[in-house]
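Here the chain labels run A, B, C, D and E in written order, and each chain numbers its own residues starting at 1.
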Amino acid sequence: MKRVAPVLVVVGCILALWYVMAVVMNTQWERDQAGRAGVSVGWAQIVPATMRQERPVLPAPHQVVAELWQLTWVEETEGRRGLVNSGSLSNRGLLIHAWVTVSATMLGFAMGAGFGIFLAVGIVYNRAMDASVMPWAIASQTIPIVAIAPMIIVVLNSVGVAGLLPKAIIAAYLSFFPVVVGMVKGLRSPDAMQLDLLRTYNASAGQGLWKLRFPASMPYFFASLKVGIAASLVGTIVAELPLGGAGLGTRLLAGSYYGQTIQIWATLIVAAILAAGLVGAVGFVQVRVLGRMGMRA
Amino acid sequence: MRMAAVLGVIAGFVLDWRLGLLLAVWLGAWLVNHGLSQGGGVWAMRLVPVIFGLCLLVLWQMAVTLFAVPSVILPGPVAITVRFASGLDMLWGDFVQTFVKGALSGYFIGCGAAIFAAIAVDRSLFLQRGLLPVASFLAALPVVGIAPILVMWFGFDWQSKAAVVVVMVFFPVLVNTVEGLRAADAMQRDLMATYSASYWQGLVKLRLPAAMPFIFNGLKIATTLAMIGAIVAEFFGSPTQGMGFRISTEVGRLGLDMVWAQIAVAALAGSAFYGVVAMIEKGVTFWHPSQRGR
Amino acid sequence: MSVDAVIEAKGVGLTFQTSDGPVRALTEVDLRVEKGDFVSFIGPSGCGKTTFLRCLAALETPTAGSLTVNGMSAEAARQARAYGYVFQAAGLYPWRTIGGNIRLPLEIMGFSKAEQAERVERVLELVDLKGFGRKYPWQLSGGMQQRASIARALAFDADILLMDEPFGALDEIVRDHLNEQLLALWARTQKTICFVTHSIPEAVYLSTKIVVMSPRPGRIADVIESPLPRTRPLDIRDSPEFIAVAHRVRDGLRAGHSYDD
Amino acid sequence: ADDVTLQLKWVTQAQFGGYYAALENGFYEEEGLNVTIKPGGPDVAPVQVLMGGGADVMVDWLPSALAAREQGAPVVNIAQPFKSSGMMLTCLKETGITSPADFKGKTLGVWFFGNEYPFLSWMSTLGIPTTGGADGVEVLKQGFNVDPLLQKQAACISTMTYNEYWQVIDAGIAEADLVTFKYEDQGVATLEDGLYVLEANLADPAFEDKMVRFVRASMKGWKWAEENSDAAAMMVLDNDETGAQTESHQKRMMAEVAKLTAGSNGALDIAAYDRTVATLLAGGSDPVISKTPEGAYTTAITDKALK
Amino acid sequence: MSVDAVIEAKGVGLTFQTSDGPVRALTEVDLRVEKGDFVSFIGPSGCGKTTFLRCLAALETPTAGSLTVNGMSAEAARQARAYGYVFQAAGLYPWRTIGGNIRLPLEIMGFSKAEQAERVERVLELVDLKGFGRKYPWQLSGGMQQRASIARALAFDADILLMDEPFGALDEIVRDHLNEQLLALWARTQKTICFVTHSIPEAVYLSTKIVVMSPRPGRIADVIESPLPRTRPLDIRDSPEFIAVAHRVRDGLRAGHSYDD
């Protein structure tokens, strides 16, 4: 209760502010419309009108909620292509798009995390890699991959890399960096004494990695996985923009072409819930693993 | 290890002589770097990343030339450099529009706001419990979703780019600062209590200085985000200038050399921005073991 | 009574509320410290020495009993800046020079710039660190840092000095040296000092009064008034009186110690 | 059956209804073709896809195809299902614009990504600089939708007769409150949605034959779609993976598109082609193309297909 | 000579190359340790005690002189896993249980599973930690952790035990207790022990041989053969012989100490 109450209050404040902003931002349109129609309107008409526009500048929260409901439950139960009527998830609803995005996110995340760990081990064990990789890894992240993702997707597509993979590659590109940074920190976290101990046992490099560096890096590992999986989701969504298939990214853009603000917001909320869910899942694994390792996460 | 690499090169030659050539160049550069890093002088270590980068560029050019990749798919570094040199005016104009106006202003506003918010959050347990989870939820909103909305709200010019940047950098800086403000250890705080110092004295003399390493962590992450945010926002509407505008327009016109020249500018500016913040960090947190060690 | 009670504790108790249930750190502590006393607290780990010192400094609030410092509540004494506190580790702020660290309390208490500079010089001299004011903490050895932190506590002329194992991390020789200096300082300034230590010789060497504590929950097992004279050369430690006191302390400690850790 | 991949210029919508109609009605199958239609999007350059080998044939506008040719991407027009241009500039009446002369000093929304060429050549024929100022026009890179007009960030925006214009109407602005300038009416129309392939591929008779069959089936699809516009729109909807298109909007779009394809049998109208080239070359200081293109179209395919 | 030299150092010197120029940590160290000796190293901070121990363990390589362990080079002895090393802090891996920590060297050295289990049990008993094998380090007190780390060093039956201030962080009573236990263990196993400490009583109480070092650069100032019998109750510390030896150690230390830190 102590934890929930403040969140509720803050959410309440945000909702209140949101309504106020909705009125403020949508008023102009009502006035313009009235002006074009040649009638004069007062606040009493404007305020309720701002909350039920079809293309609001800022949709009111209840409009977004209604849209969410519409695009999930209603679409699947009543829609022509919904679960009930067609036996498969409807592509008009958001569930299937969320699923497509999540699966590419997971694949990309697995690739990115794997690559990140590989690089981190290399950096820690190889002086040449230590000196050369990091500056370029930083530089790689200053490339606006998000901006050139469409081009990359098109090029990959044209050389026959299609399906989940191109999206996953962009997702991996964004998620490997936090993993490298975190894992290098983590693999280097054992102190000199812990390392010396293994030298007194004349342990091999491999034993050092498995018995000391990996276990010691776990807290850093999970912290960077959380950042990495969120980055991976962003990468997937960006990569979906030009694909025109299923996925939340396409869906966001499609909402945008047709100026369906409410639908964009609903999709955004789903994306944020997904992100929270993915990060939460990593956190769940973290608690389990660290718990089994006797560490208090 | 070395044996395996040589075998790889030979296998490459057998499959396709062009592939073999690429692998051979790669192996050569790697061996040079390996030798340098074993030697271990200060200058040698500086040279290693440079050789690594040059090697990547040479491989890129070779791949493009040897495999005759059409320039509308991927131009080589030489073509990009030529375009870079001939388009300096345009690149500069775009750079000012996107980086100086959009990214920098958004960066300063966003980071400043985040630090103030962090102080507020730190002061109030209530905000800490309420605001942080909500903020982390909002931070998960993908940029590409927010950008069109912000462009709709703040117009086409750099203000909307700055707004996107503000949104992007806010959370990482907030989280790091909040964590940093807690970094002062119990003993250091108790010391302040024994002086019966006021809240503000404690903040200015203890907690902010102690938080600096964390704050700079956030500020460094934010540099790369600022660059990306400003560019992406231009995809959703912009004046006819700006790096994002140019990238998207030139892709449509198949001016891929210009696209890559812009990417080079972004990478250079981004790395330099990162470097500058890292240098300031070095000056401000000179006392921190991580800085002293080096 | 003829002498002033600087510290007066009656039935002081403190129970921490933790997630595993309450932890009784102190119970029924009665103690009277007079002006100019040098009181050492000794006892096994976890017996509440630090906790008691923190109560004196109003960094913790006792949950039972009454505690006065200089005739007022500990909290009031803290706000009156009645004492200097020296922690186990030096606890210097790494971003300030040694001079800057010593200046810190002076800035907070609003001394004038000139006064600050003058006092910093004076206490640096007092702890034998003249000329080190512009160095950063990490440029000094552990012993020097510890002296700087004592200088910091001395800078604003509090009557009471609370020291929590200030020399715990130092080697024996440096420690002997600092012990001598501390005694000299005490003699010169006539401050009241409360001093926590783990070392029996240190406690016996320094104190006019030794408080032996026993754990679970923290209680006072014995209070020993030292028969040693106020002026003490280092080799007093081989004298029979010294050894006798040390024995009594060790016995007091043994009694309270269980070997299960 | 022979595989053919078609790369669209834009997302799945009724603008490409003829191809979907041909697909769904089995016209491609009848010609022995197995056709895959790849949707495009705002950041997909169809020429890139073609050059990369990701598609055999693409839908593109002539101006951007010619510009690509100059950039060294040898694409060739093989058919032109769209006879007239659907592009226009839509302005709010309240801005006081009644003729192109009133554009000066105003802000106009323009699509880029290769769609800016018609606009730029129009402005240069009008002699209006696009760099802003009192005598020129301020150009905005218009995003995906009509918001700039609704939010009054621009006095005019680019619209297609079959799409964005109706979005403005749907948003609640009456036709009477709008002023439109069709490129067609201004004499600066350029050829839109044509079919293009790589020049090198045409040398291969098997490929040429495939294209002949493809164009024949596609045109059959277009003519069917013109007749049965509502049914064609439903086929488009069925092929929309994003699930974002609405029935009413697509039906209306199909009807509008039918007006643009009406009268075309697929063969390129050489006169219209020459007019487009002339417009593009006339671009003043910054022409879209710098020299008259050679071999940018072939009538060989349509000649055979229409036999 | 009749007894075997387990450790033989002749003119050992070590200079660290640092960015501020070379630091001479050790010079001209000559020392001979025989089988079954208990050697303590004592000296002011920074005099090179740790460095010398690390040289013995081949964790550092001397830059001058010759050093043999069990008749071979230190590096060869390390590869032959000739010794167990106990660090100042317990240095247990927090993600392993106490049993797991003790098993670590056994896993690395490739003992069989059964043998591992058996040895873990045996050494746990040896250090009085039977039944704590499944606990995590943080569930134990500091003293218990230190014993676990000793158990870890004992598990693989090295002849030589190198201990670098193992009890530095513990309170005096616990320390006394562990000292007693260590002596008992030494008596039982007849290992050769090299032991670094800061505490004069500890050094005198434990050792058959006390090496007093002096700094700048690290040299051996004095080597004292203890006249005390091998069996030593705690109160031997009040005996005149003990006090005499302690005095000699203190004088040796004083001589090498300069008070500038």
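Please note the rule applied: contacts are C-beta pairs under 8 Å (C-beta built on N, C-alpha and C of every residue); 3 or more make two chains touch, one makes a residue touch a chain.
Note that the coordinates shown come from a computational prediction; the quantities given were computed from them, not determined experimentally.
> Count how many hops through touching chains it takes, at the least, to reach chain D starting from chain C.
Minimum step count, chain C to chain D: 2.
> Check every other chain and keep only those touching both chain A and chain D; list them.
B
> By raw count of C-beta pairs in contact, what's the busiest chain pair here?
A-B
> Point out which chain occupies the most central position, where each centre is the mean of Cα atoms.
Here the chain at the core of the arrangement is B.
> Roughly how far is chain B from chain E, centre to centre by C-alpha average, rounded to an integer in Å?
For chain B versus chain E, the centre distance works out to 49 Å.
> So the centre of each chain is just the mean of its C-alpha atoms; given that, what is the distance between chain C and chain E in Å?
Taking the average C-alpha coordinate of chain C and of chain E, the gap between them is 32 Å.
> Please work out the Cα centroid separation of chain B and chain D, and write it as a whole number of Å.
Roughly 38 Å, centre to centre.
> Could you say which residues in chain A touch two or more other chains, in rising order?
Those would be 57, 150-151, 155, 158, 241, 256.
> For chain D, what residues touch not just one other chain but two or more?
In chain D, 42-43, 45, 48, 51-52, 143-144, 147, 151 touch at least two other chains.
> Pairs of chains that touch, anyone?
Here the touching chain pairs work out to A-B, A-D, A-E, B-C, B-D, C-E.
> Any idea which chain D residues touch chain B in the complex?
That would be residues 42-43, 45, 47-48, 51-52, 64, 67-68, 71-73, 112-116, 130, 138-144, 147-148, 151, 153 of chain D.
> Under the stated contact criterion, what part of chain E meets chain A in this complex?
Contact set of chain E toward chain A: 54, 57-59, 78-79, 81, 83-85, 87-89, 91, 93-97, 104-105, 107-109, 136, 138.
> Using the touch definition up top, name the residues of chain A that touch chain B in the complex.
It comes out as residues 2-3, 6-11, 14, 25, 57-58, 127-128, 130-136, 138-139, 141-148, 150-151, 155, 158, 230, 233-234, 237-238, 241, 249, 252, 256, 261, 264-265, 267-268, 271-272, 275-276, 279.
> Going by the contact rule set out above, which residues of chain C touch chain E in the complex?
Residues of chain C touching chain E: 44-45, 140-144, 170-174, 177, 198-200, 238, 243, 247, 253-254, 257, 259, 261.
> Note which residues of chain B are touching chain D in the complex, please.
It comes out as residues 70-73, 148, 151-152, 155-156, 234-240, 245, 248-249, 251-255.
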